[in-house]
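Following are the structures in question.
The same chain A turns up in both complexes below, where it pairs with chain B and then with chain C.
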Partner chain A sequence: MDMNEKKVEEKVENAQPVEETRPELPDTKEGRLVREIVEKAPYAEGSVRRERRVEFRVPAERIHEFLELASEKFEMLMQISTVDWLKEKEFELVYQLWSVSEGIHAFVRTRIPRDDAKLPTVMDIWPVAETYEREAHEFFGIIFEGNPRLGPFILEPREYEKHPLRKDFNTIGYVKVIYGEDFDRYDESKTNYVI
Partner chain B sequence: MTNIEVPKELREEAKQHDMYLHPIDKDTYELFFGPQHMATENFSIILKMDGNRIERAIVNPGFLHRGFEKLAEQRPYFTNIALILRICVPESDVPENIYSMAVDEIVGWEVPERAQWIRTVVLEMARMSAWMFWIMGFGNEIGLYTAGQWAAAYRERFMRLFEELTGGRVYHIYTVPGGVRRDIPGDKWLRQLRDTVEYLKGKMKDFDEILFDNYIMFERTEGVGVMDRKFALKHAVTGPNLRATGVPYDVRKDDPYLYYPELEFEVPVLKEGDSLARVLVRRYEMEQDLYILEQLLDMGPPSGPYMVKDARLKALPRFKPPKGDAYAHVESTKGDFGVYVVSDGTHKPYRAHFRGPSQSHGVTVLEELLKGARLADVPVILKTLDNCPPDIDR
Partner chain C sequence: MSEMKEMRNENDGVISYELQEFKLFEPLFKWARKKSLWIVAFCTGCGGIEMPPLATARYDFERFGIMPNPAPRMGDLFLITGYVTPKTLKRIIITYEMMQDPKYILAHGSCPINGGVYWDSYNVVKQLDKYIPIDVAIAGCMPRAEAVMDGIMEIMRKIEDGTADGWKRYRENYEYYRKNQDELFGEGWREKDARRWLAWI
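Let's turn to the complex of A and B:
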């Protein structure tokens, strides 16, 4: 009992100076990794979500700088997920990183305004970002400055610049324009038009 | 709708992608490879050829785009299962499973042991049947048709087992958030699965003789489409393609899920990084998968329910998870298959973004590997990368 109490006291004493500046991070490999990165990049907020999942929030102006730093630990960029938050008039970009050496997945989140959706490309750090950025450009209309291949990619040329994955895209309206009003897409009760 | 103005140069560049087959000069011409070519499967590559050599390749996906991610935002959580599994045709259980795992994490469900065991068996069976599908495609591309015919027949055994377990042959709609839809049919099914595993173990020798230890296969694949470790990591290549360059990354080991922490298996790694190494890594993995299935059958299904007990499951269309997001990924035969699900507290997902392994190795990597290759190497490179176009299009 005494030994345990002492250990707990020691831990609390050690943890206190860190707690003053940052939200508490557990003393695991995830916590150590987040602390190491956040010390180098004080503009970013880091937290541990669960075992093998960490999270960073970075302002959009410094995203390239942060990802360059993070790429030392996280070798692979798995995906760039875009979420359209219509009410807040913002796009959230989640850079999904995976560290092969540590076995940790990181969400790097940044938010940009919907009406001026511009970000620097990260092709120079991970060349695979070219594909992900082309996809995000086509479906959401985000412009990645420095990516030379933004243009029609998956969609048909007539659908380019319509950005169908935006929340305010009128899907039913588009279907009616393309396939006509008679296109039978009604549900069983013949009352609701469904997509 | 607010539209952003795209700069003029980008629009010009976009127009240039619209190319046609025409001779540029005497020896240089542009060639559409696919989608009519069998190796490309609903996918096409625009090749700029110099005689028989490829100068530049431009990947042209989009033939399979069905807007799954948009449709998934307009359907309830459980209805989506029947939709998103169509993203990966040869192993449809992978999208089902990752989506279910992500929703489980958002809700905070602990999936019962029995359901976890069944999900692991289903995933491994899907892997085996996808390997058979791959042998079929690869064997046919390099002219060894017998191996392909055999593999198609062996895949049928797994399809029958799937039919008995789930009711479907190709698309199973079986794994759902919280568990699985039905219990195992009975001990007879487990015996049949064991028989199939034993049968295939014996047949691996035949495959070695006719395909994996074959002079033609070696000649066609050795030194073709080489990539090194650094290139593979920078391009987020995963799965057997990454392991063929010497990186022992396997989601089942490095981010364990379901029953995998309790199983013993090896992660085969080769260093050459060429097409031959990619083929051989796949060959060793087939053996490991059969071994995993055997271990699972030796353990036997744990007793208990196959679905979590939750009052919310009584009205499935109105099922609402709490606000939150989660990323789940599993090891498919093509690589690391992941999904990012965002919930805003309503009964439909706010966003479900899939990360197919071919998104990374089917576009930029393919374009790089094709540079300088011969026209006859295109099917070999495509098949040894195991490119799956629906991953890119969705």
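Let's turn to the complex of A and C:
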């Protein structure tokens, strides 16, 4: 009840004209949820992918604010996955949220530049984010400000320094240095890699 | 005192694995070893899933005297059941060195042979034979239970005719294996890492 009242108040406060550029939001529980959240957070773009699956795109500087808002509906953080868009020089972080009450899976996408990959931590919203942020930090070198345990996690220390899941990490060169030279896979003419 | 010195000089460079007094019974010992292979339950990668069909009614490896047991001190057969990462390899080496002689290694699948589908992965050991001696390797990704059974029959045959000599090779070429291990993990990895799990090393 308390929550409902608060929502009504916020709706009244955020009485900005919500641009009606998304008439494609269907009149299902997913569409209603997306509309409700996007009305509260007009900086985010929301869409419905399919049944029980919704998607948001949020600018990086307001991601914490948005996730705090979304955590009212989405109680669980399932995963933080990272995509490395090398040509666009950006990392895309996907916060996967799960709403226990509604049964809806949400992707919250945000993009940060590769050179200066910094984000605020969301540990204060979901404590479980600590592990996912450590993983993203180790494999991609993204710095989550406020997470106290960033550092070597799963990998060996020499791999931690290189952030091996970045697209510009030279896997074959690294393998040759670490495991020896005699594991190349050539075709029959010994000129080209098979794979 | 001088006699002892001479005796020691006589045996320099010779490693004898069988007691000469029991040489007559050596065929019996080999037969007994072949028929009582105890497995160290150490599953890496996807081959651990292939173990339950082997242990249960259809293939039932217990009829060959094979038994899973949790202690490396009692194990004879070490199954490497899939890809090996450097972190796992540290544990594998320590476990292998804890096992009593004679000990045999059976490697499943193509990953321990040349990396398999992880051939360009930064985190999978490409050729396991550089770090610990393998007696029998089964190719395939993943070998079916019949193939694993065939590998076990092969290792039993090799035990009987004495060609499963990985444990001897490990003793005789310890410097080679140790050099490769140190190259991969860095000098002093036993002191740094392994002592955290096993205080007595």
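The rule is simple: the second predicted complex is superposed on the first by the 158 of 195 C-alpha atoms of A that agree within 3 Å, B and C clash if a C-alpha of one lies under 4 Å from a C-alpha of the other, contacts with A are read in each partner's own complex, and residues count from 1 in each chain.
FYI, a contact is a pair of C-beta atoms (placed from the backbone, for glycine too) under 8 Å apart; a residue touches a chain by one contact, two chains touch by 3 or more.
Given the structure is predicted, the values throughout are model-derived calculations rather than measurements.
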Just checking: does A:Gly103 make contact with chain B only, chain C only, both, or neither of them? Give me first, second, both or neither. first
If you stack the two complexes on chain A, which partner ends up touching A:Thr131: first (chain B), second (chain C), both, or neither? first
What is the contact status of A:Leu155 with respect to chain B (first) and chain C (second): first, second, both, or neither? both
If you stack the two complexes on chain A, which partner ends up touching A:Pro164: first (chain B), second (chain C), both, or neither? both
Return the chain, chain B or chain C, that is in touch with more residues of chain A. B
Quick check on the superposed pair: does A:His64 touch chain B, chain C, both, or neither? Answer first, second, both or neither. neither
Where does A:Val175 make contact in the superposed view: on chain B (first), on chain C (second), on both, or on neither? second
Return the residues of chain A at which the contacts from chain B and from chain C coincide. 155-156, 164, 169, 171, 195
Listed in rising order, the residues of chain C that touch chain A in the complex are 86-87, 114-115, 119-123, 125-127, 130, 184
Contact residues on chain B for chain A in the complex? 1-4, 6-7, 10-11, 13-14, 17-18, 61-62, 65, 67, 69-71, 74, 233-236, 238, 247, 249, 254-255, 327, 329, 336, 338, 340, 342, 350-351, 353, 355, 359-360, 363-365, 392-393
In their shared complex, at which residues does chain A touch chain C? 155-156, 159, 164, 169, 171-172, 174-175, 178-180, 183, 185, 195
Complex contacts: residues of chain A adjacent to chain B: 52-53, 75-79, 81-84, 94, 96, 98, 100, 103, 105, 107, 114-115, 117, 126-128, 130-132, 135, 141, 143, 148-157, 160-161, 163-166, 168-171, 195
